[in-house]
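Please go over the structures that come below.
In the two complexes that follow, subunit A is the common piece, with subunit B as its partner first and subunit C second.
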Partner chain A sequence: MDKISNLEKQIAYLQEVLRCKEEELRALQANEQHASFCSPDKLSKDDVERFSRQIIIPAIGCKGQMALKTSSILIVGVGGLGCPAAQYLAGSGVGHIGLVDYDEVECSNLHRQLLHTEDSIGVPKVTSASIALKKLNSSLRISEYHTQLNSSNALNIVQKYDIVIDATDNVATRYLLNDACVLSGKPLVSGSALRLEGQLTVYNYNKGPCYRCIFPKPPPPETVTNCGDGGVLGAVPGVVGVLEALEAIKIVLGCSGILSGQLLLFSAESSAFRNVRLRTRNASCDVCGENPKISHLIDYEQFCGAKATDKDSSICLLREEQRINAPALFDSFVSKCEGLLIDVRSPEEFEMCAVPRSLNIPLKNIDEPDSVSQIITALQDKQAEQNPFPVYVVCRRGNDSQKAVLMLEKVLKDQNVAVRDLTGGLHAWARKVDSDFPIY
Partner chain B sequence: MAPPQRGEVGGQGGQDPPAGVSVRVLLFAGARELAGTAEGVLTGLPADTDEAALLQRVTEAFSLHAMAGTFILALNQDFVAAGDALRLRDGDEVAVIPPLSGG
Partner chain C sequence: MTDGLQVTLEFGGGAELLFGNIKKHEVTLPVDDTPWTIRSLLTWMKDNLLKERPELFIQGDTVRPGILVLVNDADWELLGELDYKIESKDTILFISTLHGG
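Right after this comes the complex of A and B.
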């Protein structure tokens, strides 16, 4: 054990040394390159050799490549969308990329956020991505913003760039970014993905509509699913993120056919793209209309009634006596074989990992007659043992289980049961009683 | 029930005009979750209708009340704006599109 952690420490140290040396080398090489090809309005020998495959496309040419070299693009969110977008922008020869992300790399990011590696778990995503991008293109200038984009810093950051890419994962930041782009006159390339579908459009471009023109009212938070809860197949944001890079490149090149006033819907399930014509700019839009109500950035978490992250915050619906902690649940259900344990996650999650002998009834089905009779049957087998009989409810993080307790108390009101949920869900279970249980 | 519509030029001449129009409804993102289906059919719609009436039928048929006012409708891949008068034909495609926010 000591040997492993010692080696890990040594490797981390050596990696840090290597990173410094590589940075030093890049700086020296860049200087040298500058000295021999200092003309800012001409492509260098390296540029020509590196980008010839795209320069010879008539729509790009030397002029287009120079436009890319002098362009600056801000990517907000360095996750499933931001990684592929950044990768293709870096590859194409964009001169300056800004990366905004407050978050650090987690193991569950690696299946889709392919700039990050196993080594970078725990490292800020902007740092990890920056290292990977510089390996791809050492002459790329990268600005890292390891911060949450908010109403007080957004305009300052957005103003420094020609184009903004929305690669975020939550509603509040999407409205914030839209308003910041409208107020500072920047085109916003907007992509999103969940499960097996994606959406893509360009807002605030060439008198086209903005996000608020199309969606003036934010969706009720309870109808919004994030990737953590709904899941996402890595290649789906991959497709959308690459398309975001492509639209940004087309804007830099001055191409026609920009996806403004149109919404591209991607379905991985049917391998289909649908292109829906959107409305034109809405004259009465709150931010880009003729008499805008919004002239400075507002409180977007309040506007959307949701946090500006894709992390679930904990809710508190139950009294203390309606809850049980992980060690107490272990003692009762596992050691003493007491009670019934209902797991309210989806069948897919239940199949991934579950507490032995627990019964899977997804939250959305819990008050259906079939589910209720399934529970009552399970109770009848054991109920004589204890009075009232304990019914425990678990979910991933301890939010859905609280909702389930309230519903179960109603549908089981004629049964002599005491329904309680596991505080902190299976995350708490994994941390406190079973370290072999995966935290996802 | 809506009165039978007159067949149009190039329409299905010779057949009895149907009692209403049926359209194919595609549900995306959160609408799919809420409705519990990705696709459905609405029948008996008047051929001459408007945005409000279509929105109401779609909202009711697919139980979308929880997200009322926060999704867009597209008819044959064309945005339907508030107050639009609509002319529906059999087999038209109505898409229900809430914003997707994950990434």
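Right after this comes the complex of A and C.
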């Protein structure tokens, strides 16, 4: 009996010793692993194997790779610029990436925003991008901000990062981001793209100029074209986004030759880069000058007279009787073959999709003599049929068509016509009348 | 043999859309008693080159906000802006800033 209980006691003791030893081992292993992955002064085996191709470049070395590993970069806008920028930063071994975007993935994003996939349509862009980036680099830390950057949250977010990348698509957010970076002392890598051109520069870096030094006044809203209206070839923001990542990496590495006080112009049409010299920092700049007027973030939509998104908003220039809805237009123009239908979109858009028998006269040409005589000729063929003769105007969303109605009423004042526009444009046509018509 | 000041005017970022969608114009500015400056060039461009909607290019006597003027690849602000005296063979680039992404 004694022998049995003795053995039991010894075993229990040894088990306790074993448990303690195992615990000690686990703690040591965890520590070692932590040290090898997170040591501030040492790269892990994995790091070396993964990043050797860039570590062996003298300008980078272990020191540079460590700098990347401990760096944090904020990307504002996870679209055509933000996707490639994020991808190359994640690939390079940057330790922490913040992603800001209020928007969800749409089908029309996929030609240029290549972190997103068909499966992620409707998913927040920050989530979609975060999933893709983690597949690329599982040790990357990502912070997602599914929110519109604004005057009340911008400083709080920006302050957490070393460098900010402006990959946004509108003027108001560009001023907001500039001021937030100046107020919190962060360099701002700024890129933009439209059609076949791109532009890139670095603001607020090493006593260089900020966005406001170069552009103290915002552009008139009517001169600003977004990608939805102007179009953009996917690879163009691809080029600029990758260059934004490159400038951010160079800043982390402490390289010389940062694109501060310079503007890089990229033309896909002529396959040319052109580097132009910008002005120096403006001592009387409203935000970074010696006596700044702006000491806290302001209302940027008001300052720019434009929304902080690239979505178009609806305008209302006409009275109700100057407009027609989609079912009524279908009944008149398609079913009863009444009237003349003028499509005021660009020829490229008209070629993509159009209502059969409609006549394409772009808005910018609508009051030119050639266009007016073209319309009058078309009217003369049919005008006897109805009195006054209906002239319908369509565009994509129902904004330009309203402007066209006002212009046509002037140039056709001697004709016996009733000019009306399609409320909601071809988007409404597609939703209410013809589900086969593309919404773009 | 041509009298006058030969300069190259270039447009980018969409500013070319106001100038017949042509990105590069080789022009000869007529001889004048006073030297050509960017200020007088803008007036000349408005009268001779601008195809549509001048308010999208010029506001008052200068370019509208959002257009950068670069003389031989340097910001005109470094050279005296409107008062810069244009020299023969200068290349003057008008670039509309882009905001898309």
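Convention: the second predicted complex is superposed on the first by the 401 of 440 C-alpha atoms of A that agree within 3 Å, B and C clash if a C-alpha of one lies under 4 Å from a C-alpha of the other, contacts with A are read in each partner's own complex, and residues count from 1 in each chain.
Basically, contacts are C-beta pairs under 8 Å (C-beta built on N, C-alpha and C of every residue); 3 or more make two chains touch, one makes a residue touch a chain.
For clarity, every value in this text was computed on a predicted model and none was experimentally measured.
J.: So in the superposed three-chain picture, is A:A235 touching just subunit B, just subunit C, both, or none of them (first/second/both/neither)?
T.: Neither subunit B nor subunit C is touched by A:A235.
J.: A:I142 in the overlay: touching subunit B, subunit C, both, or neither? Say first, second, both or neither.
T.: A:I142 contacts neither subunit B nor subunit C.
J.: Just checking: does A:F215 make contact with subunit B only, subunit C only, both, or neither of them? Give me first, second, both or neither.
T.: Once the two structures are laid over each other on A, A:F215 reaches both partners.
J.: Could you tell me if A:V123 is touching subunit B, subunit C, both of them or neither one (first, second, both, neither)?
T.: It touches nothing on subunit B or subunit C.
J.: Between subunit B and subunit C, which residues of subunit A are contacted by each of them?
T.: Residues 77, 79-82, 167-171, 174, 191-194, 197-199, 214-215, 217-220, 222-227, 230, 232, 237, 240, 263, 265, 274-279, 310, which sit in both footprints.
J.: Can you check the complex and tell me which residues of subunit B touch subunit A?
T.: 28-30, 33-34, 66-67, 69-72, 74, 77-79, 81, 95, 97-103
J.: Touching subunit A in the complex: which residues of subunit C?
T.: 12-14, 52, 56, 59, 64-66, 68, 70, 73-75, 77-78, 93, 95-101
J.: Please name which positions on subunit A make contact with subunit B in the complex.
T.: So the residues of subunit A touching subunit B come out as 77, 79-82, 167-171, 174, 191-194, 197-199, 211, 214-215, 217-220, 222-227, 230, 232, 237, 240, 263, 265, 274-279, 310.
J.: Can you tell me which positions in subunit A touch subunit C when the two form their complex?
T.: Per the touch definition, subunit A meets subunit C at residues 77, 79-82, 167-171, 174, 191-195, 197-199, 214-220, 222-227, 230, 232, 237, 240-241, 263, 265, 267, 274-280, 310, 364.
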